[in-house]
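Below are two complexes that have chain A in common, paired first with chain B and then with chain C.
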Partner chain A sequence: MRLALAIASLLILVVHGSVFYQQFFHRWERHQTAYFDQAKSLSKNDRERAALNERSPRIEQTIVTQFGEQRVDRCITCHVAADDPRFAGHAQPLKSHPYLVSLGDKKKENGSWERRHKYADFGCTVCHEGQGRGLQAQYAHGDDHYWPEPMLGFITQEPWKKEYLPYLKGKEYLEVSCAQCHTEENFAGTPTIAKGRQLFFANNCYGCHKVEGISDGTLGPDLSEAGHKFKIDYLWDSIVDPRSNAANSFMPKFNLKPDEVKALVVFLKSRKGINFAETGLERYKTRLAEATKTEGGPAAAAKEISGGAELIDRFACTACHKLDGKDGGIAPDISYAGLMRDEKWIGDHFRDPRAVIPDSIMPTFRFTDAQFQAMTVYLAGRKTPVAATLTGKELYKEVCARCHGEKGDGLGPIAIYLDPSPRELTKTAFMTSKPRDRFKKSIAEGVAGTSMPPWAKVMSDGQIDSLLDYIDTAFVKSKRPAPKDRKLPETNPVAMSKESVQRGEGIFVARCGGCHGRKGDGKGPNSLDILPRPRNLRNTQFVNSVNDRRMFDSILYGVQGTAMPPWIDYGLNQNDVGDVVNFIRSMNKKGRE
Partner chain B sequence: MSETTEVPKKAKTFDRLRVLPQEVWSSLFRHPLPDSDLGRSQTSFTNFFLHIHPVKVNVHTLKPLYTMGLGLISFFLFVILTVTGILLMFYYVPSVQQAYDRMLDLRGSVAFGTFLRNMHRWGAHLMVAAVFLHMCRVFLTGSYKKPREFNWVLGVVLFLLTLFSSFTGYLLPWDQLAFWAITVGASIAGYAPVVGKEMQFLLLGDTAVGQEALLRFYVLHIAVLPAVMTLMIMVHFWRIRKDGGLSRPEEAALPVAAAEVPKARKFGLQGLVRGQVLNAGNSPEKTVYSWPNLFMAELFVFVFTLAVILVLAMFFDAPLEEPVNVTHPPNPAKAPWYFLGLQELVSYSAFWGGVGIPGLMVAALLIAPYVDRGRKGVGKWFARERLLANTLFVSFALLNVILVIIGTFFRGPNWEFVSPW
Partner chain C sequence: MDNHGTHKPAEQEDAGGRRRVLTFLSAFGLIGSAVLSAFSNFVFIKPRATYGQPSRFHVGKPDDFPSGTKLALEDRRICLVRDGNQFAAVSTTCTHLGCIVSPSDTGYSCPCHGSRYDQDGNVTGGPAPKPLAWYKISMAPNGELEVDKDQEIEPGTYFNV
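After this line comes the complex of A and B, so read on.
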């Protein structure tokens, strides 16, 4: 017992000893002592030396109240020579901050410099970020991965993705802090931000994202405070691989070079909501002014109508779409727009893409009416069909592969941005269960409510046939069996009535909701694991294009090659299906919701 | 009178000065270090801090493997927490603007700041564990039985108070960990039927965790709960004495015929005791003097507890996460570890996990001594006579521990099952 007591007591003594040691021999004390010694040897007169002799190590701090919340910057406790020009050549932490013309520092006649941003006013973290209160390097610099503001361009934190680390350092990141006061668009000190802002427009980011005072997109997250909310590695990750941080993101992967990503990251990091340069009142006034901004007069409109091509170029439509030689690799080919759609369709689609293709991810842009008109006129005028000499195989490569994939697997480069997904032409079970006429019709007339446009005017009837032949031989690779004799009504035998719709809804929620969702939007709980995705039955254009016979076929006998089972085997009779069809039709009636 | 006049004045002053230190000493400590049984008795009897102990204790009480010192460990942790807590209070401000900055200052520039915080943090976690284990010990040795039923009830209440103290303290650093743990914990309270939302509002002073909640938790944590706990601990200790010391097997406490006192006799003051005379200390052959046996053991438990805390505080830093961001919950947001069992249950059913099952468990603990009235099996670990009760208790205790472990290590984003490896 006594021995155990003695050992435990000794342990307590040891811990006390080492804690006291840590407490009374700080690293910053050593730095300061070293500074005093070296400064003494550099001193030119006794007065300086006497002043240095007076000083003893202590916590030095600058309290900054001018910039947002009160900051307590203790950086100069270690970096005690930050403002001592004699230490320009020393190693950190005893190195003096360089004098830079780019920072506005001025060289005086006697050769000494005067700082533009005096440390007594600005402190350190206003520009460099980091944790001003910390006195251990790891905390002060922000190595601790919990700290939201590690030193800009200098510190990378432990959980950050290794492959990005080399890009996340560098002086450019410090422009973020410059821009909190120097908000001018083309301020000489912030070239990277200017470049990022330009890229933000060139790549159509503005179409989906809102950044206050810059853009009004509503499709993607509001980025007005992105710099305040996210660290640079997160921003980098989200731009390079949008689905890495949000699995459901439909943001396209843009093909950007690292220096472009960096410019965008720096630009976004500088968007911190309210910045130092403006007050809440000023901000409110600008917002009011923006809201009441008037469009240019009729003369300007007339001028714009003639400039559709130029506008499409200026608004960077080809950042996503393909138009002749330019291909953004994200959205459909619009080279043949005039042969596929009429002016009304194009105009409607411009003003609200989801009015005609309900699951489109195209942003609703806020252009003026004249601008929409001009671009519509231009696109509707594009009426050059494909070369008549193209064979099925060449045609497929030219116009189909972009969505349906080179291998016909429905995984073309832009397929992930389309909803519903392009048909998987290699799925034999499906491809052989439908008659050739149906496919021909889909190609010639398009599939309403989806990104499949009508091709009848783009290619000749013979070309469509040779295209289908190619698909059959290259992808389907199997003959269609003789069509089964199925008992299907031409029109719904159950009359549309309130009661029928109600019965249909009951059956739908119980039987169909798991995949098609209770609302019929194709987003039921099972839908995530199913490919092709369950049909969105609120896609009015599509539903209205499908006749009753096909509906009954799909429901009663299932859709081969998909997860849709033949419900006739699961106890639904023709009357039940009639109710369900009535329910689906009622959802897509005009005036409902 | 006549004597003093004969002594020279100078010598008198000098002599008095010479004996002064000794007089001061003996006024503080009435007895020299004891070397006789009388001295041992007097030492423990006349010292304020020692007199809560009996002069003699049963040897069974001193067996280390019987109590494992868990109750004492809990008490000493409480003392350590009080001391470190008071020191931390000198630096803390319960304001949402300042709290987190104060944490940074504690870590960066306050002398011993990190160390104090570490001690307080790990002490609090250990105390929850120690109190829980103490409760297990008391149950598994059947020590809650008559006449100790009420002390068991006090103990259960003290356990709940410990949890609540720890919970209220969890919010004070005002970092992401604190904010979301309390948000989750408080919403568990909100699942109670009828009064749930009101209770949550009363606790938080708002519909969400904010300045009001911080202030309330602070006051509860530093004033209300410690005061209540101190009082309850005092009663808890007092009852130990009044209930005849720690429990022990029957053979250790030889039954002494209860002296039924005839009414006709006359008594001095002691004689006012009527009815059954308590058994405490009635088996002289099996008792030893508290000084030094008991005090040495207690000292060891204290030194051991302190040493563990110090070593923990030295090598592991208390976490401090991001400043609070109310729009950005971590995924998953977890309650403090001792409530993760509840959170795990809540993930199956809000009412049953948050209120029903814990409520039933607490109720079962509270009435256990009144339901389980058999007198057999007291004072022995896992007594055969108490197989049913012990099995029930161990199953529930293990179930809780397993749920806490699942909640802590096996739950990832969206509360989905993940492997910690």
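After this line comes the complex of A and C, so read on.
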């Protein structure tokens, strides 16, 4: 008993002692004492020595009120020699901040330097970030993942993203802080930000993302305050692999080099939604001036109509699309646009891509009508077909493989950005269950509501045939059996009526909703496990292009090679299917109740 | 070991000694903790860092202030005076009720209750009970003047550059 008491009381003493030690013997006290000692040996006269003798270690702080909210910077408690030029060669934390011409510091005739940004006015965290109040290195610098502001370009927090870590350090990141006041577009001190801004346009980021004062995209998240919301490691990760932070993201993977990603990260990190150098009134005035700014007028519009090719270059369409030699590797080839689509289609698609391809990820750009017109005229005028000498195999490589893949597996380089995804040509069960005419029609006329364009004018009839021969021999690799005789109505025998649609909806929700979704948008709970994905039955262009006979065929006898079962085996009769077809058609009717 | 009788008292003595040692250790632990806590509590009464502007700060290089300067630094609540090569930092907090006094031709005057001070901060009129404080100035290693409001000095002692 006494032994236990003795041990317990000694334990309490040890705990007390350690707390006491932590609270009264600080690292920073040792740093300051070391500084005083060294400074004394460096001082030239007695007055300086006497002044140092009077000082004792204490918490030093700068209170900065100029930049947004009040900042309390206690960095100089440890970095006590930050403004003492005699300590230029010492080790941290007793190293003086270097004098840098890039920071605006000036060297005077007598060899001494004058700082442009005085620490008494600016503090430390305005530039370096970090937790200014922290008195221990790991808190102040923000080593831990959960500290909101790690020191820019010095601390990397993300412990599980080791491959990025070497890129996340460096002086370039400090430009982020410069840009809080120096917002000029080509400020000499912030070359990385200028590069990032240029990349933001060159890669068409502006099409999807909004950044206050720079772009108006609506498809992706607003990045006006990205610098406040995200840390650099998160930004880096999201640019390199958009789906690693948001599994549902449909942002394309851009093939950027590390220094380009770094420039973009620095640029985005500098977007904090505030500018220290201007007041709220100034911001209001500039916004007012922007709102009342007028366009160039009819003369400028006429000039723009003639410059479609130049506009396409300026707006960086080839950051995603392929056009002749330039290929962004994300969106379809538009080199043959004039042979595939007419002017109206291209114009409609420009103004709202989802009006003609409902699941397209192309942003809706806010260009002027004259600009749209100019680009439409240019694209509609591109009427050079492929070379007539190309054989099936060469054709496939030239125009099909980009979506359907070199191996015909439907996994071409841009396939993941297309919805519905390109047909998997190696799926024998599907490919042999449909007649050759059906495929020929899909190639010649395209598939409405999808990214498959009509190729009839791009290649000759004979070329389409040789293409199909190549697909059959290279990918399908087996013969089509004789078509089965199926009893299918040419048109829906059940008349369209309110009751029929209601019955159809009941059947649809009970039988089809699991995969096609209750709303018929192809996003039912099972859809994620299914390849190819269930059809989006709200894709009006597609549904309207499919006749009743094909609907009945697909529903009653299933679609071979996909998850669609033959519903005739599961108790649906012709009348039930008629109701379902009526329901699907009614969803895609304009002005539906 | 062969005789229980002789062994027993030794064991008792052992046990008694052990008991004393344990008691001593427990007491040492508990009293030690108590002393440490008491000491910490007394020390913690005084805050280590305070809010508001730091009391020691840099004001700029001597060349920034030509001779004859008498510049009131509002946030810092001091008036920096240069006379030839002599510098002084005079408090601008009125010793009466703490208003901010402003430099005038004859010295300093307080707008609240009309206290007046001469160039050295001595009271020449009004309700102020004490002269204005003078603070210590020193030269920081980066060549700027450093004022320490924690150290008051005798009025009239200038800092020579």
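Everything below uses one rule, namely that the second predicted complex is superposed on the first by the 573 of 593 C-alpha atoms of A that agree within 3 Å, B and C clash if a C-alpha of one lies under 4 Å from a C-alpha of the other, contacts with A are read in each partner's own complex, and residues count from 1 in each chain.
Note that in this section contacts are C-beta pairs under 8 Å (C-beta built on N, C-alpha and C of every residue); 3 or more make two chains touch, one makes a residue touch a chain.
All of these numbers come straight from a predicted model, not from anything done at the bench.
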{"item": "Which of chain B and chain C A:528 touches, first, second, both or neither", "value": "neither"}
{"item": "Partner chain in contact with A:63 - chain B first, chain C second, else both or neither", "value": "second"}
{"item": "Comparing the two partners chain B and chain C, which touches a greater set of residues in chain A", "value": "C"}
{"item": "Which superposed partner A:229 touches (first chain B, second chain C, both, neither)", "value": "first"}
{"item": "Touching partner for A:23 - first (chain B), second (chain C), both, neither", "value": "both"}
{"item": "Contacts of A:120 with chain B and chain C, given as first, second, both or neither", "value": "second"}
{"item": "Chain B versus chain C as contact partner of A:74, first or second or both or neither", "value": "both"}
{"item": "Which of chain B and chain C A:84 touches, first, second, both or neither", "value": "second"}
{"item": "Contacts of A:51 with chain B and chain C, given as first, second, both or neither", "value": "second"}
{"item": "Partner chain in contact with A:429 - chain B first, chain C second, else both or neither", "value": "neither"}
{"item": "Residues of chain A at both interfaces, chain B in one complex, chain C in the other", "value": "2, 5, 8-9, 11-12, 16, 19, 23, 59, 74"}
{"item": "Complex contacts: residues of chain C adjacent to chain A", "value": "19, 22-23, 25-30, 32-33, 36-37, 39-40, 43, 48-49, 52-54, 56-58, 61, 75, 138-143, 151"}
{"item": "Sites on chain A touched by chain B in the complex", "value": "1-2, 4-5, 8-9, 11-12, 15-16, 18-19, 23, 59, 69, 72, 74, 131, 133-136, 139-140, 146-148, 229"}
{"item": "For the chain A and chain C complex, residues of the former touching the latter", "value": "2-3, 5-6, 8-13, 16-17, 19-20, 23-24, 39, 47-48, 51, 54, 58-63, 65, 74, 83-86, 112, 114-115, 118, 120"}
{"item": "Interfacial residue positions of chain B with respect to chain A in the complex", "value": "97, 101, 104-105, 107-109, 111-112, 115, 175-176, 296-297, 299-300, 303-304, 306-307, 310-311, 313-314, 320-323, 325, 327-328"}
